[in-house]
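There are two complexes below, and they share chain A, which is joined by chain B in the first and by chain C in the second.
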Partner chain A sequence: MAQIDIQNVQKFFGQLQVLKNLNLTIADGEFVVMLGQSGGGKTTALRAIAGLESVTSGKILINGTEVQDRKAADRDIAFVFQSFSLYPHMNVRENISFPLRAVRMNATERDKAVNEVAEILQIAEHLNRKPSALSGGDMQRVAIARALVRRPQALLMDEPLGVLDAKLREQMRAEIKRLHIARGSTSVYVTHDQIEAMSLADRIVILHDGVLQQVGAPDEVYLHPTNLFVAKFVGSPVMNVNGARIEGNSVTLTGADASFGFPDDALARVRGTQADLALGARPEAVLLEHQPTEGYLEVETTNIEPLGSHDIVDVRLGHTVLRARTASGFVQGQGQKVWARLDPAQTHFFDTATGLNLRGAN
Partner chain B sequence: MAAVRTSGERTTNRLAIVLVLIITMIFLAPIYWIASTAFKPRNLATTIPPTIVFTPEISPFVKLFTKRSQLRAPPTQEEYEAAPWWERLVFDGGEKVVRSGRGEVQLSGYPSRFMNSLIVAITSTVLAVGMGTFTAYGFSRFKVKGEQDLLFFILSTRMLPPVVVAIPMFLMYRAVGLNDTHWGLIILYTAFNLSFAVWLMKGFIDEIPKEYEEAALVDGYTRMQAFFKIVLPEAATGIAATAVFCFITAWNEYAFALIMTNRRAQTAPPFIPSQVGSGLPDWTVIASGTLLFLLPVAIFTFLLRNHLLRGMSFGAIRK
Partner chain C sequence: MATAVLTTLDPRSRAASRGMSDIAIRNLFIIPTIVFLIVFNIFPLLYSLGYSFTDFRASSSAPANFVGLQNYRDLLADPFIWNNFTITAKYVIVSVVGQVVVGFGVALLLNRDIPFKGLLTTLLLLPMMLSMAVVGLFWKLLYDPSFGIINYAFGLGTFEWLSNPDMALYAVALTDIWMWSPFVMLLSLAGLSAVPKHLYEAAAIDRAGSLYTFFRITLPLVAPILMIAIIFRTMEAFKTFDLAYILTSQPTTEVISIRLYKMAFQEWQTGMSCALAYIVLIMVLAITNIYVKYLNKVKER
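Up next is the complex of A and B:
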């Protein structure tokens, strides 16, 4: 088990900078998920920790030892690839014992270690089969078993569930979490799926264009995004983001023909700013009522997505559309008149030029 | 799922089979010709029209392996009865087996030429495929400055008809004493096959996902170990295919072998036709020599057929 420190890491591929001054500390036993779009630098960061990619400058420390110039083999970490990367010419047992053969562990101990890890991952009955005879989920279990069998300092996973179908992904997600709780290994997990990130992570690291955007617990990242990118990337459906103009205590969204009233304290932080503002509100921050209510604006429903546990309702306010989350069946159909309000406590103001959340991290 | 076939399709299918059989027969005809001639009595080898039905004989093979001379007079009854069965076959053809002063049977040039062919073809194939695989791996996995230019340069060595350089090569070989040596031909064939091996192997190695090696690297292996434990087994199909092609090229090469060698290191291809001109041409002996010469390539290809036919097995990688 280990603590991993990434200090001022820069990475260039030719002219292209893919990691820009990355700093991050991953605590011993922590499960950190790197989240971002493809090309955001998250996989490069993971491969740099593993030693599969060199860094242009900066330091990587595992348990306080600088490893950025060491070979992957000497870092004592394990890596799970998106493609699983099981060796087709070896059977499952040979695949899992492959890392143990590198350190020339004797055959009895090796078999014991393989059987033990196979038991944990429930693949004991497949040990003599070839990888090509396994299902996707079992392939992934074998890949994880191969990574864990050596008891590495840290377990690195690069979109390990990316190629599985939705149902299996959910199941494997739960298994990975269970395994992490059981073994407590320091884990770094890369994904572009924010639901996977939210459900697995102790902390989420959001990378975009090689720049670290925010590090925080899942709820922190969800409730207090530091900037527009994080706000839009985390959460499904996506946060409503609209241009906004503030006059006194009323906030007018771009394209809207009426304005919402906001209490003083909600606007205190943006008072006096010269920046162009954007207002961000998650669907659950858009509150709907059937009857005209004090502080609510009249809107018209344009689309309803019934999702069983709740509905996502699109409402039109002038020329702009807001998405609201309601109890299922709250709105019966399109073209209905309902009344809407934004919850000031769940509303964010962003500087459109810098993208920063102006309400800070309250 | 069995597709439903109409009667029209069935007819087309049968016609196609007949067509394939005809084409196969056309291609196999020369092989049949050689094989049948190799077992014919000498007087039937050149009949017009060709003799199809005959009693096969083993005598051409006996003659192929022994040094013989013309009989001035038929052998005496004693001589004939004292001779082993195979020598009688030679007597029957109006020749006798040449023996040394101590009575040992003198072998013809064929067995040593055949061995030369084996030595040269196998060694040059191992060298070309081995070096080609390493080179291809380097080009496939590392950033090589001017990679495209280098690859083109490697291929360009095959753009010239090899015979064009035969005379300068001969002069150079003579200057350094490589003419009529095994190594001379081995170096020549290795150089000739190497560019081909590099290109072919690069294609195969490119197909092997580099995650396999990366997994091995993280699991505590060096790149060299990863190469031998992961890349080579995965590239077996490619190596087999490349080896077959290199072996065939080296085995069948005629022009350079004819120019560069004359006795010690001469391979079978220039030797077999040279027998046409010594004494009266015995086509049955030439055919039997040719037939035996075909066997190694046929056996080699047959042994590797599974590798040649099998597709790359990438069952365990998900894209």
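Up next is the complex of A and C:
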């Protein structure tokens, strides 16, 4: 197992720069998830670590050794492809043993390693079948087995669950996590699914337009997004983001006809700025009451998404809409009058020009 | 079988306004082909089967006598015929192996990002598009011992390609390889570009060397389409006539179809030659069947 360092990595495809001065250290045994939209550079970064893509400049170190000029085969890294990339003409056993046969390992050791990894991934009964006879989940298990069988320095996964259906994804997600805990392998995982990222990662790395946006533990990224992109990308449903104006201790949302009162300390760091502000509040930071309450504004419900464990309620405040998360059944229907407030502790203010979070919510 | 292969005719079309149904149109296109096939293929095939049991000679007006299997018995007992078959087999092996090696090799070279790839491929396909007779005539000139460019280029003096009985068959095979390697190349290229790129990436990650990758990934995945190329070329090489006939008239290059031609149209042994034609047909079918069996086995994945 190994530590991976990425230092000042730049990558151009022709004129297009897909990685912009990327710096990242992945600790030994850590599970890092790279999260971002497609085209954000996360897959390129992963392929650069694996050696499937060269870097234009910068260094990649595995256990302190520079590897950016080495071929993929010489980096001792395993890779799980989104499309599985199983060899269609070989059966499962041959697929899993391929990395061992390629380096001429003797047959006894090889069989032992294959049986062991097949046991762990619960595909022992499929060893003599062709990949085309397997279900999507089993195909992915075989791909992971092939990656793990030779005990690589690190395990890289490029959206490995991308082509599976929702239920299987959830199951495989848990399995990957279990496997990581059991094996303790340094893992880098690429996905655009923020739920997958939150549930798997020790640390999440968010990439956008080739620029690293934020690195942090899942809750840190969720609670303290450094900028608007991270704030909007992480979390479902999406954070409420509205233009806002501060006068004294009252905050007025653009299009709203009334303003929320905020305590002094919540606005301390935003007050001095000349920038145009955007207010961000996750649905759980929008608090609703049935009765008129001190500090709450009167709003009208417009839409309700009953999700079973909780409801997402849209409320209209003047010409703007906020989404609130409530206990299920809290609001009965549309057009109801309720009273809303923003939790100052969970409210963020962003500079609309730079996107930066001016005050990390506590 | 598909039950609704016939799509209905667009009622606004010109054909519909002339009162034609879709069935009528289907017949219009298909019946001429079927008639053509019957008149020029099926009928002669059956008619010659009949003649192969007679002593019929197209050059005389004597009536044909039924002789049973005598023609077949005579042919299969004739050592000269077996010699023709041996020559043919040698020719088939040399020429098909040569075409596969050259064609597949060139396909491997072309299967990457190189400038003018399309143009290069098209130019390489030119030999295949020429007429057999033309190819035969100009290779005769290339091989010419006194002024041929091949001897000149390789400094072989007056080496006799076509009049040397030991060399002539290989010279014909070489011409065939030149002409038909592009065909193998074209099919191989299609096969090679159908191998998904991510499999090569997976193999690179799995630390497979380039030779290992070639024999364990590339070759097995291209095998089915390469097999089809080999089937076609084997059948063609087995039936080869024009090239050998035009290039040389050595007894060592008398492949089975030349013998058949001489028997039928120089010696006028029509009945006997029909029997020989049937023997060749059965042999080609048998060889093709072996390949097809193997192909099906390869495709079973």
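Assume the second predicted complex is superposed on the first by the 359 of 362 C-alpha atoms of A that agree within 3 Å, B and C clash if a C-alpha of one lies under 4 Å from a C-alpha of the other, contacts with A are read in each partner's own complex, and residues count from 1 in each chain.
As a convention for this text, contacts are C-beta pairs under 8 Å (C-beta built on N, C-alpha and C of every residue); 3 or more make two chains touch, one makes a residue touch a chain.
All values reported here derive from a predicted model rather than from experimental measurement.
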So, after the overlay on chain A, do chain B and chain C clash or fit? They clash
Discussion item. After the superposition on A, what does A:G136 contact: first (chain B), second (chain C), both or neither?
Written reply: first
Based on the superposed arrangement, let me know which partner A:Y87 touches: chain B (first), chain C (second), both, or neither?
both
- Does chain B (first) or chain C (second) touch A:L317, or do both, or does neither? neither
Partner touching more residues of chain A, chain B vs chain C, is chain B
Chain B versus chain C as contact partner of A:K71, first or second or both or neither: both
With the two structures laid over each other on chain A, which partner does A:L52 touch: chain B (first), chain C (second), both, or neither? both
Practice task
Return first, second, both or neither, reflecting whether A:I120 touches chain B, chain C, both chains, or no partner chain.
Solution key: neither
So the chain A residues that chain B and chain C both touch are 50-52, 71-73, 77-79, 81, 83, 85, 87-89, 98-99, 102-103, 130, 132, 146, 150
Chain C residues touching chain A in their complex are 196, 198-199, 201-209, 212, 216-217, 220-221, 301
Residue positions on chain A within touch of chain C in the complex are 50-52, 71-73, 76-79, 81, 83, 85, 87-89, 98-99, 102-103, 130, 132, 146, 150
The chain B residues in contact with chain A across the complex are 209, 211-212, 214-222, 225, 230, 233-234, 313-319
Per the touch rule, the chain A residues reaching chain B in their complex are 50-52, 71-73, 75, 77-79, 81-89, 98-99, 102-103, 130-134, 136, 139, 146, 150, 163
